[in-house]
Amino acid sequence: MCRWMGWLGQPVLIDELLFKSQHGIVDQSLHSRMGAEPTNGDGFGLGWYGVGEHPALYHSVAPAWGDANLRELAAHIESRLFLAHVRAAIGSPVQQTNCHPFRHGNWLFVHNGFVGDFRELRRDLMLAMEPDHFAAVEGSTDTEVVFRLALGLGLEQDPVRALEHTVGLIEETARRRGREPMVQATFGVSDGESLWAVRYATTGPARSLFASSVASTVRELYPDNARFARLKDDDRLIVSEPFADLPGVWEEIPQSSAVRVAPGGVFDQSPFAPLSAPVP
Amino acid sequence: MCRWMGWLGQPVLIDELLFKSQHGIVDQSLHSRMGAEPTNGDGFGLGWYGVGEHPALYHSVAPAWGDANLRELAAHIESRLFLAHVRAAIGSPVQQTNCHPFRHGNWLFVHNGFVGDFRELRRDLMLAMEPDHFAAVEGSTDTEVVFRLALGLGLEQDPVRALEHTVGLIEETARRRGREPMVQATFGVSDGESLWAVRYATTGPARSLFASSVASTVRELYPDNARFARLKDDDRLIVSEPFADLPGVWEEIPQSSAVRVAPGGVFDQSPFAPLSAPVP
Amino acid sequence: MCRWMGWLGQPVLIDELLFKSQHGIVDQSLHSRMGAEPTNGDGFGLGWYGVGEHPALYHSVAPAWGDANLRELAAHIESRLFLAHVRAAIGSPVQQTNCHPFRHGNWLFVHNGFVGDFRELRRDLMLAMEPDHFAAVEGSTDTEVVFRLALGLGLEQDPVRALEHTVGLIEETARRRGREPMVQATFGVSDGESLWAVRYATTGPARSLFASSVASTVRELYPDNARFARLKDDDRLIVSEPFADLPGVWEEIPQSSAVRVAPGGVFDQSPFAPLSAPVP
Amino acid sequence: MCRWMGWLGQPVLIDELLFKSQHGIVDQSLHSRMGAEPTNGDGFGLGWYGVGEHPALYHSVAPAWGDANLRELAAHIESRLFLAHVRAAIGSPVQQTNCHPFRHGNWLFVHNGFVGDFRELRRDLMLAMEPDHFAAVEGSTDTEVVFRLALGLGLEQDPVRALEHTVGLIEETARRRGREPMVQATFGVSDGESLWAVRYATTGPARSLFASSVASTVRELYPDNARFARLKDDDRLIVSEPFADLPGVWEEIPQSSAVRVAPGGVFDQSPFAPLSAPVP
């Protein structure tokens, strides 16, 4: 179990959202309200688009709430698009190469959830990867495998469709091995321009996922809030858990759906369903 | 807020008590029931008496629940006397030199609690230390200052009396500076032969502290428990929180008191009250 | 490039050999004389047989020369059989799961050297592993792959023969992929009773490897040395580099050979040559 | 022994100077040519002026050459003024609070060298600090004490004069304690506008220190070098060791002198000599 958040909008100092928000993601790392695991202290990751080639990554195995470097970076890096992730390890080691976001070229990927029976399926799934992606695997999480499968299935062309194929492939692999398939997921994906979010579970309720409302709505609801007054109509947050208990500010992303957020106020929603994967 | 435990008795593999006990200290690091802070993920420390000169220390800044090295050590080190501590940092950095136990020669020291207004009193308290102890300070916690003050006030001759002088000195220093004095503490001390525990708060309730009952009592209460069947009459645990909800196994150590546990079934209890410190 | 040492003999405090020896392995971590890389600061590992089930592991990403925990453990753990390893990373991340020794049941494994073109061969080699071993891979080094291949090829029955098959398999895999095969290696292996060491390179000189002479020879050469006076005839050290410039104390293990050291003064030497691996 | 570098000039991606320069500071961390210690693997620090309030800090206890986060930050952070430091610990623990630069408000401070007999003088020197600075000490290095003494002696008004008083105070303190005084130092200081560098040793040769020549000189010497072609006349580097063996590019800063570099091509040099400190 993990928690993640994504921001797309005007450039902001990252700690505005990471540390200064009530019940923000670092606070959630210490005591989440909605998650299966209340503590997410097994590593932190931040990926941001800014200067330099490709997005930058900061991966730390220290709990987010006590990481002095994270506080420094958040207070001194400004970004118009970033993804942050706090991790609660379930089985795989606490190490930087297991921290989200994962990156390939200009793409970032985060995940809250798990692949059921991953240990048993790992070999089959890694064989299904393209050899170049196999060679690039550095950690031991299910998420890195999901990401590299999706890259081989066209993530860079159509991320939602590629994830539908990836989920389909994982579910089929589980069935072929006589296992009950289970993909439990909210995914966050970005290419530096758009931010996609997916919410899905093979069975039962999926992990929670919310998007912030259009800025004008938020400002109208809370006309006296100085922070909200600065919000622009292009600004959007995608979060595992709402930052604070503000009615009207958060829209739940329905299960089995995907959204795309992009500059100019784009907020597209579409259904998400596993597709059978082309034979690799 | 922190949690600690001490064992004195027959040699045991440390993980018997650290990991295999229901609601043991590592479990408490993730979700304490009685503490002010439910998560104690800001470092771990273990001090044990065994082979080699003086007690050994293992200090880690990783949360106890995810520290692979800690699991290895606990599963492969046997000791008849050890102290373990999980830390929830309140202000001072998460670094190995701030992890308990602190050590001087053959002595180990752990602390759950805090010195009120420590930042304001730190200079006065460090000046009150003996110069050699000042030079030896490596970290920035209140506990290390308490320990080194107590060493200068005779901890190695009479640990309880030295701590009474130390607490008196701290409270006087606070008053002299116009502060409301506050020492909130359970202390654990050992010289490799005895284990002392102190429970005290200047005002209000002190942090919780418990000792395990005499082994024969425990065995009678739970005649079918294989673990308890192995308990010998000399075996004693001192803990911040009872390991499990077993009525009759735990005796609360009263506030403003000290206990000494030693081989041969020694379990001495005495009152604890601040003493005015000799002028350093 | 890395450095390792193994001890089999009377129980010793580990720091006798790790820190107190002139030009010992921790000293080598800071400035090796014989290696391709003079600094081996990318992690440390220690595996020892003692109390508890199976051998214990301590893996650290801090440089060996500055790791306070390592000094503590070495000064307080006694062992009759241990392996220590300092790492100079070549390509793979500095993380605990990439630190040697690797362990499976009662077996430990260390490696100085590399598999040529590992990134290109990794997928083929991991497919050649038994599925259970594939699932158990936690890190991203070539050594972990070599170890798990060897386990599938009978390491637990005949470690030298299994390593001959493993090296053969790796070289064949390289050739099949149109690569010049290259296995550069000194391997250290133990089951808790014997200590095996292998020295081999596909082409050119292999990494250096030495065994200490029979204790009686050492004592005769240096009759006034108090440390050597304590040596027993069963005691043997295997090292990447001689600990000090003591003529007569060290015997070079010839290239393309394997030795087995065991209690009772056993010191068997045999040739080592790649064998074609049975099709997995 | 340590190494440091400072940049003041046009905004650059930090890795241009940190990783891409031949024999740059990260390379020096692995094998310095001029230092007393060839390896500087006991922590790294970077302080930069950019967005956000005050300069930012990144402190790491991993060796600079293997720190994935450092590579990420350097490749994605642009700054017109930054200080970087690699540490070789001499006595004090390897921990983030002992990493340079130290910071107070808008000021950064780095140091290569040491205070002789620091352990014996530490108490006296800390007592000489202003109480607020005493309270703010987080680590255990001599450098943090030097910095906080200098702050109390007017660093923010006149950094060179304050350091002259600080060095005088330290030397007097040593003499008063019957010790041979020894301050061995190159200091780097910045307020975000200027960059000051000091080179001094109480006796014998001081640590090496160099400034880059005026950009036009560098370009004339190496007309075909694309990197140098981009240099502007305001750009200046201050370094412990020249980055590469380029004759003409580096000017040694004489012993017992201070320089100030500032925008507009300012490069002022002045003598540096200890002053008796006002009684605190």
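By letter and in written order, the chains are A, B, C and D; residue numbering begins at 1 in each of them.
Keep this in mind: contacts are C-beta pairs under 8 Å (C-beta built on N, C-alpha and C of every residue); 3 or more make two chains touch, one makes a residue touch a chain.
The shown structure was predicted, so the numbers you read here are calculated from the model rather than taken from an experiment.
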item	value
More contacts between chains, C-D or B-D	B-D
Copies chain C and chain A - interface residue numbers shared by over half, same or different	same
Between chain D and chain C, distance of the C-alpha-averaged centres to the nearest whole Å	41
Residues of chain D whose C-beta touches two or more other chains	68, 93, 96
Arrangement of touching chains [line / ring / star / complete / other]	complete
Sites on chain C touched by chain D in the complex	30-31, 38-39, 41-42, 61-63, 65-66, 68, 89, 93-94
For the chain A and chain D complex, residues of the former touching the latter	13, 48, 50-53, 55-60, 68-69, 72-73, 75-78, 96
Complex contacts: residues of chain B adjacent to chain D	92-93, 95-97, 119-120, 122-123, 126-127, 131, 134-135, 137-140
